Amino acid sequence: MNDQPHNPSSLTRQGMDYGETADVHEVHAAIQREKREPRVGLEPLSIWLIAVYGLAIFTGGAYLGRYSGNFSGDGLDPLMGPPPAKKTAGGLAGGEQQVELSPRDRGKKIFSANCQTCHQANGQGVPGQYPPLAGSEFTTGGSRRPAMIVMKGLQGPVKVKGQQYGTAVMQPWDKTLTDQKIADVLTYERSEWGNQASPVTADQIATLRKELASHPESYTEPDILAVPADTELPGEASAGGAQPPKPGEAAKPAPPKPRG
Amino acid sequence: MTPATGISLKEPTISGAAADAEQLERARIDASTRVPVLMFYASAMVWLLIGTLLAGFVSFKLHAPDWMADVSFLTWGRLRPVHMNIMVYGWASMAAMGTAIWLMARLCRTTLRHPLLIVTGIWFWNIGVLIGVVAILMGYSTGYQWLEFPPYAALVLFVAYALIMSWAVLMFRFRRGNQIYITQWYLLGAFLWFPWLYAAAQAMLFVAPVQGVLQAAVGWWYGNNLLFLWFGTIALGTAYYMIPKVIGRPVYSYHLATIGFWTYALFSSWTGMQRLVDGPFPAWMITASIAATILTIIPVATVGLNHHMTMQGYFPVMRYSPTLRFTVFGAMSYTVFSVVGILISLRSTARYVHFTEATIAYSHMGFYAFFTMIIFGSMYYIVPRLVGREWRYATLIKLHFWASAYGVGLMSLMLLAGGFVQGSSEQSPSMPFIESAASVLPYLRGRTLAALLLTISHFIFAFHFGLMLFGLGRTSTVPTFLNPVEAEGSESPL
Amino acid sequence: MKGLLPLFLGLFGTFAFSWVGLTVIPNMQIGALNPQMDEEGTDIYPMPKSGMAERGRRIYAANGCIYCHSQQVRPDYVSADLDRTRDAGPSPRPKWAGRRSAPRDYIFDRPVQLGQERMGPDLADIAKAAPGEEESPATVPAGTAPAASPAAPQSPAPRANVAATKPGVSAPPTTLPALQATGANPSPTPSPNGVPPAYSAAWHHRHLYSPRSMSPDNLDSTMPAYKFLYEKHQISGEPSANALQLTGPDAPPPGWEIVPSYDAKCLVAYLMSLHQSHPLKEVRSAGGAAPVPAASPPATPAGSPPPAPAKK
């Protein structure tokens, strides 16, 4: 790290005398024997070299094209590209992404996680305690009634399919499930176990949520029965102006399928 | 010596007056660069010795971990980054800057004004490296490879660099002559790219840190570009000066030089991400780097061809000239190192080589076999012109060369082979991991042997350099040839 | 080449091209990731680590652990990382990881410790290998940062219950080696040689102190011993709760004990917080296992804690 001090006397000790004399013989031998500074020739490029360039560019480019995972930020796998953007339920080839699920499938998962404990996986419920959903007039009629029940819950005695239930309380789900989830689970229930009722969309639930915003208590059977059996929720929310359907007024007539 | 092309190689005779003036100018330039460049070299030599001893420790402790294990500042995990940083910022950067300043002064044909600024810069740089090293040993390493110095040490390095390189660039501004020679492109590139690189890395890691895995990406972008855009450019620029200068022949082709330079800058700067292959990154980043590595065959072939054709017919001169021997070894190593780099970067081979010692082999081939050997060659050329003496013992030069060549060759072979063995055994899950790690131990012992060779080599060189520094070289008009020159018919190669 | 300006522009342009392409564009793509959470806003992964674990990360970085240990798991189509099991512990040994690593795993890591070499095994998911009731000490000491590590989705209450029923432990232990030291550990099969259960906190302490003493198979390990992270005290009265259990040549002389320093505790806290087994939507779990949410389902009352270790 340290250098010897640099002073003129050390120069003369070494016999150097730089730059202060025109006498070239004082310039030391190493410089005297030096060749001139480098310069450049002008040979043309060889065709073989250009062939090498072409091969390299081709190989590099092909490699880049093949293994780039679609140049996306999600494409961790060089061969397969990114998980595709969320589309409507479509099958898609492998990759590292869960298969896109249909609303029914999503609803089934929600049902299994939340509803199955009481209403059972086969939708038959438990006699005396939990009403069935399979073939239930509440589930399969207009979408408004089951939506109200799921949103706000139900308590007190209720008669479903001619049987009396009433010892249990159904909790409201509007705080714990999103619109999409409620819609999906209703879609599932309304098309499973032989039920054939129309699906429900998240927009419909959203509209209903706004309408019921000031209705805190859970429903009882008379509340539900006050709504005609075939009342559907208003269709695809063309936001804004949709007035919530009043009881007795069907915004979207659907063929009533009363059961039981 | 007339090669097959029939182009006359005799120097065109320059008029006596011009020759005198030219030599006088060179003498003046050398006088002005004398103190800074010798200080650079002296500092670099000290760091080289310390770094080499540490290299021996690090290599030894990797297969004999209980040796001196109980002291916190001697633990392997701290010595290794200290070794790396001393070699990169202490030895390599300082030697590179010394050579680069001398080359720039000579090529710009202007004296170095205000050398005191550069001397101050050298002190700051040394202090910065020392602060960083002590910080790592005391347990304040940042944890990023190649950037383990804490930010306060980096700041000192920045200040030092500003002092040093602003004058180097200014020399370029005041150059004489119209043409900008090849070496000057490379050196100018290096002078500008290094601060941009370092600043960008410090900014993206410490000032406004990027999130998550991007830190590793920035770190390897920096580390890789450090090797190619800072060290590699100075090495190639030096080779482009030394080879034609020593043999007295023009560089073969200007077009090759141009293409070589720009493709080198373009493609080499995009490599680096292949160090993160199969990691948690978007695949395109990794593949882009691998593709760029494939494309570096273009500058490698171009530069290699240029040098080879320049040397055509003059290879025997390597027998005599230390400078040429070291420089050509380094230039050839550039080709070998690049080809090895391409081969181990491809995804199909990377799976066997990733996470193994083979990447260390690659790094050392680049830093040592390519960069350091060329710098050694430049030191053998420049130091006599600064101290006015010739190298004293040809035997020591030969020992230096062969110990270095065998040392780095042995190391590269051992680590590449060991890396493949380790990587292959890691691919079979039925083998316990400890066995796959243990399979590389024999190769690590071989690497320690190589480290011993390199230690011997560097101490010999340091001793020899010390002799020169203290004015104990040979006083002679004839340079130190590695082997006696046959008297007749051949003009003096130097 | 004539002309300074084209030269300068060229130099700047090539550099800027590389800088933008390899750092800026990836930053735009993956530079602002958020933790994954499900729609209820629970089950957040990843979570920032607690104070001790963050300090442990800095100690990990400062001592160069990254130069031998990686923390990234490669996918199954290029490596055997997902098939490989850990070297220690009773059979069946835990796997290195359940899935490959993704950028989202590292968003709270600074510095990120991906690692370049494997002289030692990968550590991305090392905490998963810990025996069940061993939990990150980061959640246990009071007064450290409140963010819970992903290792502790269950409430700490069951832990305290489990601990309190053990004989000989009067107060909740402050570090997990305490559980080991009291010998009150329901985990099966204590290893020969008195080595604590594999990959527990006590195991990590002993491994850091003396790597080659872990079991007969570990003699080939080249890991350095981090004895300087531990302190040697004279035993005053009772042995400390977190004294290392050492045998053979490593054991301290009678009347002395080896205890971890604060740095060692933080380092082990960090190691015990290294999880990457939580499923991520963008990464396929090995074997296509359905994602298992770590959070307990809502509205189930906390019953008596299950005595068996929860299998992650």
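Letters A, B and C name the chains as they come in the text, with residue numbers starting at 1 for each one.
The definition used in the following text is that a contact is a pair of C-beta atoms (placed from the backbone, for glycine too) under 8 Å apart; a residue touches a chain by one contact, two chains touch by 3 or more.
Here the structure is a predicted model, which means the values were calculated and not measured.
> Answer with line, ring, star, complete or other to describe the graph linking chains that touch.
Drawn as a graph, the chains make a fully connected set, so complete.
> Comparing the two chain pairs, does B-C have more C-beta contacts than A-C, or is it the other way round?
The comparison resolves to B-C.
> Based on mean C-alpha positions, which chain is nearest the centroid of every protein C-alpha shown?
Of the chains present, the most centrally placed is C.
> How far is the middle of chain A from the middle of chain B, if each middle is the mean of its Cα atoms, in Å?
Result: the chain centres lie 49 Å from each other.
> Please work out the Cα centroid separation of chain A and chain C, and write it as a whole number of Å.
Whole-Å distance between the two chain centres: 29.
> Calculate how many whole Å lie between the centre of chain B and the centre of chain C, each centre taken as the average of the chain's C-alpha atoms.
That gives a centre separation of 39 Å.
> By residue number and range, which residues of chain B touch two or more other chains?
In chain B, residues 280-282, 288, 347 touch at least two other chains, as defined above.
> Out of chain A, which residues touch more than one other chain, so two or more?
72-74, 76-77
> Please output the residue numbers of chain C that touch at least 2 other chains, ranges allowed.
Within chain C, residues 26, 29-30, 75, 100, 102-103 contact more than one other chain.
> Chain B touches which residues of chain C in the complex?
1-2, 4, 7-8, 10-12, 14-15, 17-19, 21-23, 26-27, 29-33, 58-68, 70, 72, 74-75, 78-80, 83-87, 100-121, 211-212, 217-218, 220-228
> Would you pull the chain B residues touching chain C in the complex into a rising list?
Those residues of chain B that touch chain C are 61-63, 65-66, 69-72, 75-78, 80-81, 136, 139-145, 178-180, 185, 188-189, 192-193, 196-197, 200, 204-205, 209-218, 221, 225, 229, 258, 262, 265-266, 269-270, 272-273, 275-276, 278-282, 285, 288-289, 347, 351, 354-357, 359-360, 422, 426-429, 432-435, 437-438, 440-441.
> Going by the contact rule set out above, which residues of chain B touch chain A in the complex?
Per the touch definition, chain B meets chain A at residues 11, 14, 20, 22-24, 26-28, 30-31, 34-35, 38-39, 42-43, 46, 106-107, 126, 181-183, 240-241, 244-246, 248, 250-257, 259, 280-284, 286-288, 290-292, 294-295, 297-298, 301-302, 305, 309, 346-347, 384-385, 387-390, 469-471, 475-479, 492, 494.
> How about chain C: which of its residues touch chain A in the complex?
It comes out as residues 26, 28-30, 39-40, 75, 77, 100, 102-103, 281-284, 297-298.
> Please output the residues of chain A touching chain B within their complex, sorted ascending.
1-4, 6, 13-16, 18-19, 22, 24, 27-46, 49, 52-53, 56-57, 59-61, 63-64, 66-78
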